[in-house]
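Could you have a look at this structure, given as structure tokens, before my questions?
As written, the chains take the letters A, B and C, and residue 1 is the first residue of each chain.
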Amino acid sequence: MSGAVSAAIEVRAVEKRFGNVGIIRDLNLSVAKGERHAIIGPNGAGKSTTFNLISGHIAPTSGEVRLNGDLISGLRPFEINRRGLSRSFQVTNVFARMTVWENVRCAVLWATGHRYAFWKNVDSLPEVRERTAQILDDIHLTHRRDVPAGLLTYAEQRELEIGITIASGATVVMLDEPTAGMSHAETDRAVALIRRLTEGKTLVIVEHDMSVVFGLADRISVLVYGHIITSGTPEEIRRDPKVKEAYLGEEAH
Amino acid sequence: MLELIVISTLNGVLFGMLLFLLSSGLTVIFSMMGVLNFAHASFYMLGAFFGFQLTKWIGFWPALVLAPLLVGAIGMAVERYGLRNTHKHGHVAELLLTFGLAFAIEEIVSMIWGKSPLDYRVPALLDFPAFTIFSTNYPAYKIFMLAVSVIIFVALLIVLKRTRVGLIVQAALTHPHMVGHLGHNVGRVFMAVFGVGSALAALAGVIAGPALVTQSDMAASLGPILFVVIVFGGLGSLPGAFIASLVIGLVQTFAVALDGSLASAFGPLDPSSGPSVLTDVWNVTIAQVAPIVPYVLLVLILIVRPMGLMGTRET
Amino acid sequence: MTTAATSTSKMAAEPAGGLRFYGVWLLGILVLIVLPMIFSSGGSLTSFSLIGIAIVFALSYNILLGQTGLLSFGHAVHYGLGGFAACHMMNAVVSHGWPIPLPFIPLFGGLGGLAFAVIIGWVMTKRAGTVFAMISLGIGELVASSSLILRSVFGGESGITTDRTALPKMLGWSFGPQLQVYYLIAFWLVLSAIAMYALTRTPLGRICNAVRDNPERVQFIGYDPHVVRYIAFCFAGFFAGIAGGLAAINFEIANSAYLGAIQSGLVLFSTFIGGTAFFFGPILGAILVTYLQLGLTNLTTAWQLYFGIIFIGIVMYSPGGIAGLLMMHRPLIRAGTLWTVIPSYLVAVVPTVALACGVILAIETVARFSGGDPINLFGIAFIATSPVTWLTAAILVVGGFFVARLAWRRIAEAWDKAATVARDRGYLA
């Protein structure tokens, strides 16, 4: 594609209107390959909507989104996913009646090339089994492998959500508030997990917990009313008066 | 020819309005509760049978009021004791419950009244020709049916636009997830909506009974058409249901009235070719095709506009 | 019941393959072989044949409902078209003298069912849920009505007849006697059941489950739920066609009743009553419903009403079906707490049976009010027009209901206790 090193994700002049309410206005975002990028912003700023726009869950009203230089806006979620972008959901979104093992395994199947195969025994695919086992081990759910996902505790479901997202081995991983609602200990464990699992990958994360954000991110973008007011390193963001006013200011009160 | 067009248009609009009496209730129930009430046509059938029985006992006019009330009460009971308990098992279970109910109601009706058509007569008061167009006498009863449907239609409009309940229903139509915010009232509202929907269906049954055939399979034969109407119009859209009701009512009435076939238009096929699918298609009359027309429309709309005419909902 | 949700769990990992797994299948095959030797009357052979066909049909339906979460009200379309395809194929084999023996015919039935699924399925499976249900109903009506118009293909009201004995013999079998037809059906039953079970264990089968649980999320793990539904629909159509082909062989006729709403309703009843969450659920359901259907038609004119009531009861109180009810007990058996609930079951039997008798008496009273034989309940004759009968029915229904409700509450309590213990011992999530 483009000769120069293209960004992993490039969002250019994206607008999204619901009815006649503009939720996302002139959104520009660039995430370099291998970068850990956090998006922060007050409630209702449009962070999840941004995720939905990039991952193909909803189509932008105008503007374009590129993944590794290729235009992906207008593609459907599974097409984008097959190009190596995987996302999690803010509200847990798992396969409730299937076991933890099955949940993760389903997420492994497409990437391992088994697709819609109806002539293979799913239990005797060594690479699928190994990868599933590895991920269950990573997310510390091996001991719960035969429990239906709907019966897991909240924190376990959040971990499973991360597991399903990274299972396909996507090179671009987007996590929407992965630690929301977790206790301190659980959050620490989840952050360590995310750090380890996204080693060498591009990560976009939405997070309200500032200690998580400043500890994890290489770069941070601040989203307010559907517009990115500034992007920069954690140091730059910390010093930026606009951010203090729009976002951190609220926290300080 | 002109005569046929005028009469068929009248009959078509009448059938369409009847369909709307049913599909409006179905649509509102679906939008608010997410349940497609499979037994809706069964309530229509119960209306016809109760109407018949009550007419025999106390006369047509009291029956016209009482039968819908009775069926409305049954509908409320179904909501309160059936659907509300099944809700926790999901929408498929709710749909299945109403499916089982439709099945059971048909059996009960044929057990009590038998399987053959009932002698449900037009009331004497309305048993005269209203007017004569060309050479056809148009029965006053049909005008009466049309009038009732239009009155109900207007009443529904007023309720929807002017009352508090109407506002809630409208809000539910456009923002289904908002229904949850009704608070502790939600159960009562559901029950009322379900009751009113059932009563409207029954009213359609009482007035349609004497004009159409009152028989234990009337729900099974009308039900699928009703579902075509609301899928065609777009699930959850009242204007869609209205347009679809009229379209299907007119199309079907015209199809029944037309007697042509490809053979009559272009002459018979070479007889030596013997029976084949082609001869079947060539010789079938439009009237014979009439029953499948709604379903053909359904397939077409799904190919062209999977959401239905005016639908916005994914599921 | 509160524990219903856990009934689908596969707690305490078990060795999936192994002796027990193959043992169950071998036992099933053995039963199929031995059955006609024990019950060899013509009547039972006919029943077994019908049950075999119904099982294949119900299993094919569960590919949609249980595996993929698609509720179809028109599955008989594929069954019926399979039947017609088989009849036409048999007649063609005879008239052209092709060397195709009868045992291969169900395959053509399957292809008939598959062909229609391939053509119409893409449009139908665009959307799931309620819309799919309604469309399946509409397509069902469309095909059923069209079959009466296209007389040259469907033979109008009378249908298409055929003669299964006119086909080339295989291994010296003419397939004239019902016994030979039974074994033919049993053979295809085993074949289809194994194939359909194997399907659940493939990548496609698992993704079907994922689409059932959460079609939105499936898109974010690389799959197009529409394609998944479409392929599942085609498989279901194929196996339904095989069942229809078997029926065509069994009855030597295919007519429009094969693809009508009643047939579609019956397969839904069988599958759901049996239970959709387990592979063997539809098998139980098909056996029960077919058996009841054959048995009840002679006893009462209201047999369909009983189905309706059983079905409603299952939907409301045990959406996992019979299989779900049975499998609920597995963790309790493992944890050794089953015995704590048995006494409350026994206590509940009496009022529940009384309630059921009351309902039966009430229904039969209405059914036979204007003439008919007296109602025979446990050897006691009740006259439908007698107030004694009405009173008995009323007492049984009302009394039975209130006592039974108490008894059921006791069961629920005992259950919760037993389940808690099972949970503590790690057999239940």
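Heads up, the rule we're going with is that a contact is a pair of C-beta atoms (placed from the backbone, for glycine too) under 8 Å apart; a residue touches a chain by one contact, two chains touch by 3 or more.
Fair warning: this is a prediction, and the values are worked out from it, not measured in the lab.
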- prompt: Which chain's centre, taken as the mean of its Cα atoms, is farthest from the centre of chain A?
  reply: B
- prompt: Which chain is in the middle, if each chain's centre is the mean of its C-alpha atoms?
  reply: C
- prompt: How many angstrom between the C-alpha centroids of chain B and chain A?
  reply: 48
- prompt: Roughly how far is chain B from chain C, going centre to centre by Cα mean, in whole Å?
  reply: 31
Task: Return the distance between the CA-based centres of chain A and chain C, expressed in whole Å.
output: 43
Query: So in the complex, which bits of chain C are touching chain A?
result: 5-6, 8-13, 16, 198-199, 201-207, 209-210, 212-214, 216-224, 227-228, 231, 235, 277, 429
Statement: The chain C residues in contact with chain B across the complex are 69, 71, 73, 120, 123-124, 126-131, 133-135, 137-142, 145-146, 149-153, 261, 265, 268, 272, 301-302, 304-305, 307-309, 311-312, 315-316, 319, 363, 366-367
Statement: Residue set of chain A touching chain C in the complex reads 55-57, 76-78, 81-82, 86-87, 89, 93-99, 102, 105-107, 109-111, 114-123, 125, 145-148, 150-151, 164-165, 167-168
Query: So in the complex, which bits of chain B are touching chain C?
result: 30, 36, 82, 85-86, 89, 91-93, 95-97, 99-101, 103-104, 107-108, 111-112, 220, 224, 227-228, 230-231, 235, 275-277, 279-281, 284, 288-289, 291-292, 294-296, 298-299, 302-303, 306, 314-315
